[in-house]
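Here subunit A shows up in two complexes: once beside subunit B, once beside subunit C.
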Partner chain A sequence: MIPAAQAAAEAHGFLSPTGVEIAFLLVGLVTLGAALVTVTTRQLVHAALWLVVALGGLAVEYLLLTAEFIAWVQVLIYVGSVVVLLLFGLMLTKAPIGRSPDADSGNRPAAVAVAVAAAAALVWVVVDAFRTTWIDLDGAVQGSTKVSGEILFRHWVLPFEALSVLLLAALVGAIVLSRKKKEGER
Partner chain B sequence: MNDVLDVALRLLVVFAVFLVLPLVVGQTEHKVMAHMQGRLGPMYAGGFHGWAQLVADGVKFAQKEDVVPKDADRRVFQLAPAVALLPYLLVLVAIPIGPSEGAVGQVVDAGIFFVLAVMGVGVLGSLMAGWASANKFSLLGGLRTAAQLLAYELPMLLAAASVAMAAGTVSLPGILNAFEWWWLPWQIVGALVFFVAGLAELQRPPFDMPVADSEIIFGAYTEYTGLRFALFLLAEYAGIVVLCGLTTVLFLGGWHGPFGADGLGWVWTLLKTALLAFVVIWLRVSYPRLREDQLQKLAWTTLVPLALAQIALTGIVKVAIQ
Partner chain C sequence: MHLVYPAVLAALLFAIGVYGVLARRNAILVLMSVELMLNAVNLNLVAFDVWLRDTLHAGQALTLFTIAVAAAEIGIGLAIVLMVHRNKGTADVDRLRDTAEDPHDSSDETSTDGTSGGTPTGEKAEATA
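Entry: the complex of A and B
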């Protein structure tokens, strides 16, 4: 841990929160609430729209953590593209207005178990990694575009390249699959 | 306290611009279309050239009954116009109009990403309207909107990325500070791609398939009346202002001009924006509507390769001059 962050951590307590910390907590609660509604509502399109709220809340959390670049990319990719794709699919399949009685499958217990396990693993990893690290809001910005870019392309180039190869493979795979179907039709 | 006052004042100015400029574009569109097509339309309200017709239209919209269809999803239906309009207000905050530090609502570090991300959110409003109206024409309009957005978001992003590469920064004032006049020929392909993709994202003619009146009435907005309908129209004009302002800032050098960039920079920005807005109106009057398959073909087989070529060119020149 950086010494500056350590000093910042010692100066902080949990009992005298600052404005930013309160905002972080409140937005976190809203995000969690929206996420819960997303998976429990029986109206398909409403679920997609609540997902927008949850993803937007997450972007605000990134902003509060000074990671401006990540926040806008989050909005651009997830709200601007993924949710639009989701809504496109829902509209294409004529998602009804009102409740969908068949929205629940019998896999609910299994899904809950997997979700809880995944959430527990993620929370555990994050808490273990960052435990008492505090962001020094008055010092140099730690999540600006420049800093993110430098860290990504100096220290994390290999995972970055591996990811892009993975995406390329997925792209090629999608093209191959869509072509095969056409030949079968003939 | 002074800081708070400063921020409040800036936001107030941005809000005023947001209220005025789209209406100016709307009025200009009426008049330019009228003269180009030789159909003069209302010329009496207010006397000179029927200037008060816009006011009369506003009063008319405000008086109309606000109808929500019986089978519609009430809340989503009523929320949609706000979702369509507000993102453009947010985008305006980040567009710099002059060289001084005070000439931008709020400096955003990752300006390009902020602007493109928030503009993409506005389309959710059309999708919500299309689904929630419980009308097959609206649903078709919503589908076409989504397909169009998915196709044109990519070339727009790539073209913007080219400018960011050229300037070595993603902040909008930073890009303007780095601008040189020879960027204009260097980035011209990117500029065209960006402008065309932006037009498509706004669903302006010739890319107005999602609201094609001869096929699907008015697409996603078919069921809307009164003020909510007016809000959608306002969103379209605000979108024109934002798109033209962005193209000006990214590709045409914003406040840079042949002379007087220090004191009169904002005049150059406004002039270039106005000129582009005129081109947008001109295109509406003079081009026939593209068919859905032509729309998709233009995006994937022309604009995306052009944008990629522009990025390659930018990279080569950037390395060569270093």
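Entry: the complex of A and C
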């Protein structure tokens, strides 16, 4: 994983990675660790709270990639609403607060095998393909709010409107699904 | 910055999400793992958008759309999980075996098959749970 990336960087004479790279690496390690704890912890509420760390780390990664608007949208929507929704769901389904021994199902070895195979294949392909590719982070900021607003409302207006209709449909669907049915109905 | 850093991070996050989807029992934890996978895709989109310096910024626009779709998905998913929990008394994906081919309870399977699993069978399952 990371050693492979470092080896690829050193092969191209990057003896001293830039500060952005070091920051990206450290925040990426924190994100990966938080994601691992999220999928392996036996305390369900802790999983949701570690998910906050993982998603916040990803927001920092977006900031390091100069995509500011995406980063703040990530913080607002994921950390702000999705995790709160997940916590609501955990509470409403009467999830056990302490550690629950049956958090993992019986097909855990198969899951580990599939995940390791997927990780190995993806990392191998990605490292092999982009060994000699660098992102140029200098110059103008790629994803400031001004730039994002301009491209979103100049070139992507139609998908944007379709997406708002989709969100409305999802809202109506969630209300219909979670509405308590009366006795005589249905 | 080397492009491999965000690409490898996204690949590993995706693999972690795959593990979570396959190994977790609670449906809400499965939804969390799906969120991790979607975020891995988002990181890839942003990284490649910044690398290619796309004039339309298709990657970032698509990331915003993915985030919105993920929000819709989590809303609908939680509503479904809550409805299943209300009807069956559990949010455990291993115990929701209505559509599984099991020779032992084939009589129960026909009544709760598909979307026709309405209020009477749900109440029965809740009473037994």
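The rule we apply is simple: the second predicted complex is superposed on the first by the 104 of 186 C-alpha atoms of A that agree within 3 Å, B and C clash if a C-alpha of one lies under 4 Å from a C-alpha of the other, contacts with A are read in each partner's own complex, and residues count from 1 in each chain.
Simple rule for what comes next: contacts are C-beta pairs under 8 Å (C-beta built on N, C-alpha and C of every residue); 3 or more make two chains touch, one makes a residue touch a chain.
Quick caveat, the model's predicted, so the values are computed rather than measured.
When the shared chain is aligned, subunit C comes close enough to touch A:A118, but subunit B does not. Contacts of A:V73 after superposition: both subunit B and subunit C are touched. Looking at the shared chain after the overlay, A:A110 reaches subunit C, while subunit B stays out of its contact range. Within the superposed three-chain model, A:A95 lies in touch with subunit B and with subunit C [touch as defined at top].
In the superposed pair of complexes, A:L85 makes contact with subunit B and with subunit C alike. In the superposed model, C is the one of subunit B and subunit C that contacts more residues of subunit A. By the document's definition of touching, of the two partners only subunit B reaches A:S144; subunit C does not. Applying the stated touch rule to the two superposed structures, the overlap between the subunit B and subunit C interfaces on subunit A comprises residues 69, 73, 81, 85, 88, 90, 92, 94-95. On the side of subunit C, the complex with subunit A involves touching residues 1-9, 11-20, 22-26, 28-29, 31-33, 35-36, 39, 42-43, 46-47, 49-51, 53, 56-57, 60-61, 63-65, 67-76, 78-83, 85, 91-94, 118-119.
Subunit A makes touch with subunit C in their complex at residues 1-2, 4-5, 8-9, 14, 17-18, 20-21, 24-25, 28, 31-32, 35-36, 38-39, 44, 47-48, 51, 54-55, 58, 61-62, 64-67, 69-70, 73-74, 77-78, 81-82, 85-86, 88-90, 92-95, 102-108, 110-112, 114-116, 118-119, 122-123, 126-127, 130-131, 133-137, 142-143, 147-148, 151-152, 155-156, 159-160, 163, 166-167, 169-171, 173-174, 177-178, 181, 186.
Touching subunit B in their complex are the following residues of subunit A: 45-46, 49, 52, 68-69, 72-73, 75-76, 79-81, 83-85, 87-88, 90-92, 94-95, 97-98, 141, 144-145. Remark: subunit B residues 71-73, 76, 108-110, 113-114, 116-118, 120-121, 123-124, 127-128, 130-132, 134, 139, 142-143, 146-147, 149-150, 153, 157, 170-171 touch subunit A in the complex.
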